[in-house]
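In what comes next, chain A is part of two complexes: it sits with chain B in the first one and with chain C in the second one.
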Partner chain A sequence: MIEGIGLTKNFISENNRKKHTRAIEDVDIRIDKGETLALIGESGCGKSTLGRILLNLIPPSQGEVLFEGQNLAKMTPSELRAIRWKFQIVSQHPDSALNPRWTVADSILEPFRIHSKMTGGRDQKRELERLIDLVGLEPEQAARFPHQLSGGELQRAVIARAIALDPAFIVCDEPTSMLDVSIQASIIRLLQARQKEIKCGCLFITHDIQLAKIMGDRIAVMLDGQIVEEGAGILDHPAHPFTQKIVSPDPHETVPELVPVCNCSSRACSYLPSCPSRSPLCNSYPKMQEYGDRRVRCHLLS
Partner chain B sequence: MTTIIDVNQLSVHFPLATSTVKAVDGVDLAVEERETLAIIGESGSGKSVLGTSILGLFPPTCTVSGSITYDGADLLSLSDKELQSVRGLKIAWVPQNPASALNPSMRVGEQIGEPLGRHTEWGRERIHLKVLDLLYKFRVLPPEERFSAYPHSFSGGMLQRALVAMGVSALPEVIIADEPTKGIDVINKGSISAVFRTVRDQGITLIIITHDLSFAHDLADRIVVMYNGRIIEIAESSRFFTRPLHPYSAGLLHSLPENGLIPIPGKTQDLDEHDTGCKFRFRCTDVTQRCCNEPPLIRHESGTLVRCWNYD
Partner chain C sequence: MDTGNVREMNPLTQLNGLWEILRSNKTLTVGLFIFISLCLITVLAPVIAPHDPAEQTLELRFSPPSFTYPLGTDQFGRCIFSRIVYGGQISLAIAVISTIACVLIGVLVGTYAGYYQKLDAVLMRTTDIFLAFPAIVLALPIIAIVGPTPLGIILAILLPGWAKFARVIRSSTLSVKSNGFIEASKAAGASDTHILFRHILPNCYGPIIEIATLGLGAKIITITSLGFLGLGVQPPIPEWGTMINQGLPLLDKTPMIALSAGIMIVLFVLATNLIGSELRTILDPRSDTVAI
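On to the complex of A and B.
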């Protein structure tokens, strides 16, 4: 349904035009109808950038995004507007995702106002009742302003807005990382139930391995801008050394996180500095290859 | 074991126009010397207010009662000046949200050295060397470069480690850390645990305020669970994670993804301030007639203290 081919994104520094930061590099990604792909990685590895590119919120530097077979980059603005309602985002910070000067109900109903041509016949009051009931908010809460609700309640409102027009694809960008464990459980259950109902595809971005296991039909692990391993059972049987490390981290390790190497010339494997099983081969850049149920980017397996 | 901080019937109330919010309500807690204590609970349960109370940091509008005994003195009756010789020197605070806790226009190394400058007679050079040593120990690398960098160039995990370094710099007896793993990804959480383990191994008493249960499991000797301003369970960590007693504690553990991700039904309610029943009874699956009266902390045969009539 949605597919990204050879996606690369370079951010160019405002101050120094020569300074490039490669946020993601050569990423192939595909999400089918009704499927959830869980994307795991450290902060700063490019997970959110990838999500934003798939939604066409930022253009890729190279590569293309195909949505239901159409290349998003080649569409005219009016064509794009006509299909925009089909993809939505649930962001990490619910408190900054809603307009602070609108009531929560105004925000939830915004999709109906923007796409009024398509939804003109629908009764907004009834739609609001339906949506807040779906996400478990009280009508009285919908009449309030965002600062009067808790994080969990705001995230419910954001979800209500995202599912308002029955989208085909939702990017959930760490939707529960700022919430308590008990609230997290109810929000995840809510997302699962609504997703099943409207049968939409989902890119679930997280850094919680257990959550990824629960949410993802398939799982992709990202490291320094690249997907290094992707497949259904990769967290139970990891093949890439980085996946192995995040699945069973050494509790006594004191070495800090990786320092991303962001030069744009051809380079070695991104995991080389920390990899326990490196070989001279690893100085060259490994390609993504298929091995049965998964795709892995590592010289060890070839 | 000797008690280092003794909280006795502490209440912190916020009077509003029509009602009173009881952020902390009648809390008794004895913190043992050299132990690691984790205070867990959801947002709004009063755990951060309890933490800041120990440092004598109160918002201007609240009313406080009870006592907090440290080193033979009641911290609540000390003057501001007397408190200053405790804060940072004896009891240090590692604040929540490292991104906004540091001064954005001051070099990180200078901020880490600030407690030393205030509380010791050390000269600049000696403080500089000590800070470099701390940065190295807490893996803020390379130390020389990081010393003169500004906070915005640090990653979240690195800032958190720098903040812990700042908390430890004056060698306090107690460190209170508020949500040290919030917003830190799983992969970097390991390094935060490692930092706190180093602190603990120096014989410093640690109080960790968190809702990250795996982090608490990793570090703590004892777990304190708060709900609606009350302590509802105090248990040995190993026992808590295998056999929690209070229905709320069990619910918290069940809502972890690895334990089935089962939400606790209902939500925290703004209770009537005169309500005298168990605060959890509206969400509890095991309610009886007795729950209309609030239970005291009951000592279970395992040594766990629990506020629930089921264990009477």
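On to the complex of A and C.
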């Protein structure tokens, strides 16, 4: 359904235009209808950038995003806006995800107002009742302003807005990381239930391995802007050394300091500096290769 | 908090709540009262003023306040009270119109510069050029070209004045823009116009009202300084700023000239600031919790 091919994003430094920061590099990603891909990785590895590129909020430097076979980059801005209702985002910070000057109800109904041509016939009041019931909010809460609601209630409102028009693809960017532990589970259950109902594809960005196992039909591990391993059961049977490290029971286990096998070039494997099982082969850039049910970017397996 | 009251507490959703607001908000009531009184006095000047503001009675120079001349007369024997009443017409009109014009241009330039990264450099460098000159240097050629008419004075205030507004509004736009609701709205397919006018502008109300109300008072002072150079309102026409200027050397003979004009300006600035600060609170839904 949604597919990214060879996605690369360079950010140019504001102060020094010659300085490029490579946020993501050569990423192939595919999410089918009704499927959840859990994307895990350390902070700053490009998870959110990838999500934003798939939503076409920022353009990729290279590569293309295909939605139902159409190249989004080739659409005119107005064509793109017209199919935008199929994409939604649930962001990390619920307290800034709603306009503080609008009532929560106004924010939930915003997609209807934006796409009024498409939804003109629908009764907004009834839609609002349906949506707040789906996410478990009270009507009084919808009449309030965002600052009067708690983080969990706000995130419910954000989810209500995201599912308002039955989107085809939702990016959940660490939707529970800012929430109280006691509320996280209920938000996750809510997301799962609603996603099953509307059968949308979902990119679930998280750095919580347990959460990734619960949510993801497939899991992708990201390291330094690249997906290094992707597949269904990769967290239970990791193949890539980085995946092995993040699922290891002791997260503080330090990788023994190793003598560099040679001068690390920029085209080397990105895990080379801390890989415990590196070989001279790792100085060349490993390709993503398929091994049965998974895809791995590592020389060790080939 | 009582959940049932939430709707009623937002004044924008219920206009008939206006009376409730006025009754509970003394500051706003006082501000509005002064403002409306000043406006009424100036609009009804021909009815209120006992004399023609330009009429000179040279034998009655520097006469003290009396029944016929409520505030006495000035160095030309003109009725100070009538000059104060008529003077507001020019002062208030120029201050209000030029402030509104400054806000409009500032909002337009500021939001576009803040929102469209590509326009930012061009618009802000242009703004910097206007900020680089002392206001009076920009005002001089305008008055020279258009002449010391009300229009000329408005333009002379507007040209150096809008740049400050643009700067402030740009920076608020930048901070509002980074919020998640802008991204969510964009992801949902909102047009730039929708984002600019429904999301960004309402969240900039606070600073806009703040600088606009502060600016109103400053505008009257600018008119005065133009008058000091002989570029403001020309002599026979009464105007508060010019009156202070002319009255200062005469403080020992008739303090009424500078004093009464000064009090009027203070009242006007006070009223706009009271209204401005209360308006900001009322328009911000986050202040609801404090209101009750």
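Keep in mind that, in the parts below, the second predicted complex is superposed on the first by the 284 of 302 C-alpha atoms of A that agree within 3 Å, B and C clash if a C-alpha of one lies under 4 Å from a C-alpha of the other, contacts with A are read in each partner's own complex, and residues count from 1 in each chain.
Please note the rule applied: a contact is a pair of C-beta atoms (placed from the backbone, for glycine too) under 8 Å apart; a residue touches a chain by one contact, two chains touch by 3 or more.
Keep in mind that what you see is a predicted model, and the values were worked out from it rather than measured.
In the superposed model, A:Ile31 makes contact with neither chain B nor chain C. By the touch criterion stated above, A:Val296 is placed in contact with neither chain B nor chain C.
In the overlay built on the shared chain, the residue A:Leu39 is in contact with neither chain B nor chain C. In the superposed model, A:Arg81 lies in contact with chain C only, and not with chain B. Residue contacts after overlaying the shared chain place A:Asp208 against chain B, while chain C stays out of touching range.
Contacts of A:Ala105 after superposition: neither chain B nor chain C is touched. Of all residues in chain A, those touching chain C in their complex are 52, 55, 57, 80-85, 87-89, 91-93, 96-101, 103, 107, 110-111, 114-115, 140, 143-145, 147-148, 158, 161-162, 165. Residues 1, 3-4, 6-7, 10, 179-181, 183-191, 194, 198-199, 202-203, 205, 283-286, 288-289 of chain C touch chain A in their complex. On the side of chain B, the complex with chain A involves touching residues 42-44, 139-141, 155-158, 161, 182-188, 190-191, 193-194, 198, 211-213, 218, 251-252, 254-258, 261-264, 267.
Those residues of chain A whose C-beta lies close enough to touch chain B in the complex are 42-44, 150-152, 177-178, 180-186, 188-189, 207-211, 213-214, 245-246, 249-257.
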